[in-house]
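In the two complexes that follow, subunit A is the common piece, with subunit B as its partner first and subunit C second.
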Partner chain A sequence: MLAEFLFRRVFYSCIALLGLVVAVFLLARLTGDPSVLYLPDTATAVMREQFREAHGYNDPIVVQLGRYVWNALHLDFGMSLRQNVPAMDAVLQAFPWTLRLAGVTVLLAMIVAMTIGPLAAYRPGSIFDRIASVLSLAAASTPDFWLAILGILVFAVHLGVLPTSGTGGFAYWILPIGVLMFKITGTTTQVVRGSMISSLASPYVKAARAKGMPENRIIFLHALRNSVISAVTVAGDQTRGLINGAVIVESVFGWPGVGKLMIDAITQRDFAVVQAAVLVTAACIFLLNIILDLIYAALDPRIDLH
Partner chain B sequence: MTRWKEFDVKRGSSGPLLQVQGLEVEFRTGGRVVHAVNGIDIDVRRGETVAVLGESGSGKSITFEAILGTLDSPPGHVTGGRAEFEGQNLFDLSPRRRRAICGDRIGMIFQDPLSALNPVYTVGWQMAEMYRVHRHLGRAEARRQSMDMLARVGIPDVQRRIDNYPHEFSGGMRQRLVIAMALAVDPALVIADEPTTALDVTVEAQILALLRDLQRERGMGLILITHSMAVAAEIADRICVMYAGQVVERGDVRTLFGSPAHPYTAGLLHSLPGVAAARHRRLTPIPGQPPDLAHIPPGCPFHPRCPRAEARCRAEPPALRPVGDGQREAACHFAEELLAAAPTAQQDEGHAR
Partner chain C sequence: MRQPGTKVLAGVAVTLALAGTVNAQETDVTIVLASEPVSLDPCMTAANDNGRVALGNIFNGLTARNPETGALEPALASSWTQLDGNKWEFDLRDGVTFHDGSPLDAEAVKYSIERTLNENLTCETRTKFFAGGEYAVEAADADTIVITTDATDPILPLKMANVMIHPTSVPFDELQRTAPGTGPYVLDDWAAGQRVLLTRYDGYWGETPEVATGKFIWRSESSVRAAMVTQGEADLAPSIAVQDVTEEYGVAYPNAESTRLNLDMLTPPLDDRRIREAIALAIDRDAMLGTVMSSGAEKATQLYHPTTIGWSDEVTMWEYDPERARALLDEAKADGVPIDAPIQFIGRIGHFPGAKDFHEVIAIMLSDVGLNVELEWVEAAVKNRLQVKPFEEGRRAQIFVDQHDNTSGDPVFTLPSRYGSEGAQSKVADPELDQLLKEAAGATGEARVDAWKAAAAKIEEILPDTMLFHMVGYAAIGDGIEYTPTMFTNSSVQLADISLK
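On to the complex of A and B.
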């Protein structure tokens, strides 16, 4: 059953990826003529023509597309015009940075949300709940570009305790993760709190109390397990956003991730890199969706993988 | 439909297992005070089955939620009374001590077994936690004892079924699971809140038989909360009829059903199809609605619906007092007249057959 599920999902994902490759290929061509950007202003019409001819931009679009797909099936995704390396190498170099950033951020956010959410929900309307609700709402609605610049201003410029940008030791991770965590933690905490309030009011929690179960067991085993599903939904959604590249945060902090790579490639009309980046992130998001479905099925026995 | 229980009540020799005195519960919501329970006295002995009978909203479930400490509070508050269980007042105990008694010494069976079971854990897990928490048993031993208990309540193929989830069982099987959990650590008292209401009639009979067997086998006290006179007659030794958060009549099941001393009990009997037919009477529903518990009528709470009500009933609340041979109590100013007017139990039984 599991093998069949995985096979089916991977098969459909591949079809979707193919469609995506075609769409991105065509859309990228709409951004204009690469020779205008690549060659200096002084380049003659002949030089531009030679450039286009050399890179195959003069062929009919269908021929270009066919060539691209054919090569892609042979794992050749073209060369990056700017960096003069294979486009896929550039993407695969940037992608782990994004994945690590996303993974750590989501993990920390989940831990915080799963602790604060249930405690806030335990006594709705209590001081703790009110503070947690206001803070999580504020965190969920703070724009990250503002937060990122504020973070640099306070911790890097004024206090001088953290680096402004780039990569390196542990200190370089703090600001990007801190900024990204805000929104995810806030949103997830709110969802966990809401779902915990209804779990804690449910008949099975009353039954667990009548069974004489201790209160911490009721909160963190009986009720929370039922609320994890909604938390995973939200966290999964947020992770998708992060895998896409936390474009703004990566740009502000000079994080060498796929978001920054993609933005640079788009502004430079480096088609091969844009296409490779979209392909890899899309594949990764399809994979994430399959994993999320498996997690759902593991968390809630009533969910059938079919 | 109803098989009247043979008069073989085996009474516990010791004092009451649970003795509730003058229990009062209020719900306070936004300036409104709902008087859900108004001075209830109930007692249960070991080995005895007491049915608490009443319409929805009569406060029967709330009474036992208050005793178990599972009342939603706020808005619910216990405002008076005692509940002595095995010699200690449950309301004097710390919440922690009281929780330890729940499940261990007092088991609770719920009306809707599907919602009382946690959907995301296997029944084995939910069963085993009774032994793990109350008996501090290890995983393997808790599982072994869970299997024994599940087999005892009639779950077939326990080896395999123990790892199933609640939604994979039928309604009757789920109620058996809930019964197994309530009785897992051999409580002295079991409270069953409408245990068969969510089930169909054939399954209802099986579950009642199971409860009766288990109760006899273990000698525990059983409180059966129900709105069904048929269910009460089927397995109860004594009956406690509740109306508007008060006990209006209580006594031995046969005495009480044979010749009710309170108009409300009589009304309930006449609205029961089987009984009305057996007595060649028309089915007569009780007119009107149960009172709004925020505005309970002065005097006798039943007077607006009572065919016998007089001026006195509107002014003076009747106390629960012994009537007839003293084996039963009723809270009606005209209990003696009612008894005198009614045919005796023996005549009635003969009539029914």
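On to the complex of A and C.
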């Protein structure tokens, strides 16, 4: 059953991926002629024509698409116009940076949210609940860009305890992860809290209490397991966003991830890199969706993988 | 009792302490730029992102411009002579070697020039400095190169400052990530997305620079670049926004950029000169200085600095006169000019620090005298497409803010492309001006100076644009170095110009 599920999901994902690649290919071409960006304003019309000819932009769009798909099937995803390196190499160099950032951020955010959310839900309306609700709402609403600059000013400039930006040892991870965690932790905490309030009011919790089960077991074992599904949904959604590239955080902190690479490629009309980046991130998100489905099934036996 | 997590906390403390000592060794410097170079191919150094790292560090040309005086000086050529109108001879410097150990000779120079002019290569230097014209390159002997042009080219030595010389081992038809040069630094490492590391080249032909290693990194946010200098994480941030300048670390410098309002003189109502003059009179430049832009900027009459040859002091500096502007509009309206027609005022997102306020103030000033101006923001690619031929058919009248840097010292890199009838972004088609531009481009000495001045006067007569300012840039310079930014800093940050305290 599991093998059948995996086969079906991979098959449909591949079809969706192909459709996505074709759509991105066509949409990228609609954004205009790269020669206006790559050649200086003194370039003559002849030079622009030579540029378009050299890079195949004069060919009909169907011919360009066919060439791209044929080459992609041979694992040739084209050369980056800007960097003059294979587009896939540029993406695969940047992607692990984003993946690590996203993984650590989501993991830490889940741990915090799964701790604060249930405790806040235990006594709705208590001081702890009110503080947790206000703080999580504020965290979920705080713009990344503002928070990133504020973090640099406070912790790097005024306190001098963290580096402003860049990559390196442990200290370089604190600010980017802290900024990214803010929104995810806030959102997930609110979802977990709401879900836990429902769970704690349910008959099976009352039954557990009637049996004299300790409260910590009721909260963290029975009620949380039912609430965690909604948290996984939210966390999955946030992870998809991060895998697509934490663009703002990567830009501010000089993090060499795929988000910044993709934005630069879009603004510079570096079509091959855009296509390769979309392909890799989409494949990763499809994989993530399959993993999430498996997690749902593991958490809730009522969920049928069919 | 030992607390759980003590080890973790201690580890964090040690790591944080180490993070606070990110300063490099004393002979190393870190330079933080706004963007990463995209290619360090010798052919791509004319693009500022690449040139900041490569020009004068990895590569040299036959000639070079003095950053202080602007004068043309020998580099890989020890001397040059104009044999006749169309022929120049360059004598090569002795004892120069490339980073791969091969010697500099006439064959390498010939190969470098021909690769630059190779039409199969999308070469930034060719498109920027060698648009049009035929060049025949000949190695007269091992140390002498002769270049013959199809038309008189009096500024060929100046153009040669932009052709970077490399060995013949560099592929002719293919751009490279980088190549061996003759400069004082060799590319040691390029970690894509993170840093470029240059180390001193022991076989350099010139004076040994003080800085042993130069690390170039990039952060898109100006405030982060400035903070890196104040925190000692970087020694130099060559370009930061005015709001990030601190008294202790900030330095203003003329950055060679000049701005203008590029007016669509082919479309009503801007096809009427009175409307274009009204725009020139509607801009209160004095009010903008020190408010929406640096007080260090200077009002401009031409699109290049006064240090450029042929700059004319006879071109009008338009003064703010809204009454006269309104009168001109009324006069034009009475003659049937549709002064109420909407005009697209097109701004480029993130064009320069403070660009938003800059555009909004100008839009208000133009509306104030009675023009129907609609400010629209577009990204760079869209603006470039709108400004380059072929222009859109059936468009509304358009106004763009243009920013242009001419560090070459000669108007030939500014005027023909913007005002000549064949110019890629010119909306002017005036035979008399074409003739003046042609004469100026082929003239030498005083005749060249006079010809450019005559062209400037003719441009003022046509008035295809409104000149605004010669801009200033700001650099953040750390405590550990001495560096004086110049008008070349935007296009080249030469490590050899940095001294250590």
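Here, the second predicted complex is superposed on the first by the 306 of 306 C-alpha atoms of A that agree within 3 Å, B and C clash if a C-alpha of one lies under 4 Å from a C-alpha of the other, contacts with A are read in each partner's own complex, and residues count from 1 in each chain.
In the analysis below, a residue touches a chain if its C-beta (ideal position, glycine included) is under 8 Å from a C-beta of that chain, and two chains touch if they have at least 3 such contacts.
Small disclaimer: the values here were computed from a predicted structure and weren't measured.
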Clash or fit (per the criteria above) of subunit B with subunit C on subunit A: fit
First, second, both or neither for A:R225, with subunit B first and subunit C second: first
Touched partner set for A:V63, first subunit B, second subunit C, both or neither: neither
Angle at subunit A between subunit B and subunit C, C-alpha centres, nearest 10 degrees: 160
Which partner, subunit B or subunit C, touches more subunit A residues: C
Subunit B versus subunit C as contact partner of A:I303, first or second or both or neither: neither
First, second, both or neither for A:I291, with subunit B first and subunit C second: neither
Partner chain(s) touched by A:G212 [first = subunit B, second = subunit C, both, neither]: first
First, second, both or neither for A:S202, with subunit B first and subunit C second: first
Touching partner for A:V22 - first (subunit B), second (subunit C), both, neither: neither
Minimum C-alpha spacing, chains overlaid - subunit B and subunit C, in Å: 28
Touching both subunit C and subunit B, counted on subunit A across the two superposed complexes: none
Contact set on subunit B toward subunit A in their complex: 68-70, 72, 99-104, 108, 110, 112, 115-122, 129-130, 133-134, 165, 167, 178, 181-182
Touching residues (chain side subunit C, partner subunit A) in the complex: 11-12, 15-16, 18-20, 22, 38-39, 41, 46-47, 119-120, 122, 124, 126-129, 131-132, 175-177, 191-194, 217-221, 223-224, 227-228, 230-231, 233, 379-382, 384-385, 387-389, 413, 417, 422, 424-425
In the complex, subunit A residues that touch subunit B: 201-204, 206-215, 217, 222, 225-226, 299-302
Residue numbers on subunit A that touch subunit C, as the complex places them: 31-34, 36-45, 47-48, 50-51, 54-55, 82-85, 90, 93-94, 97, 149, 152-153, 156-157, 160-172, 251-254, 256-257, 260-261, 267-269
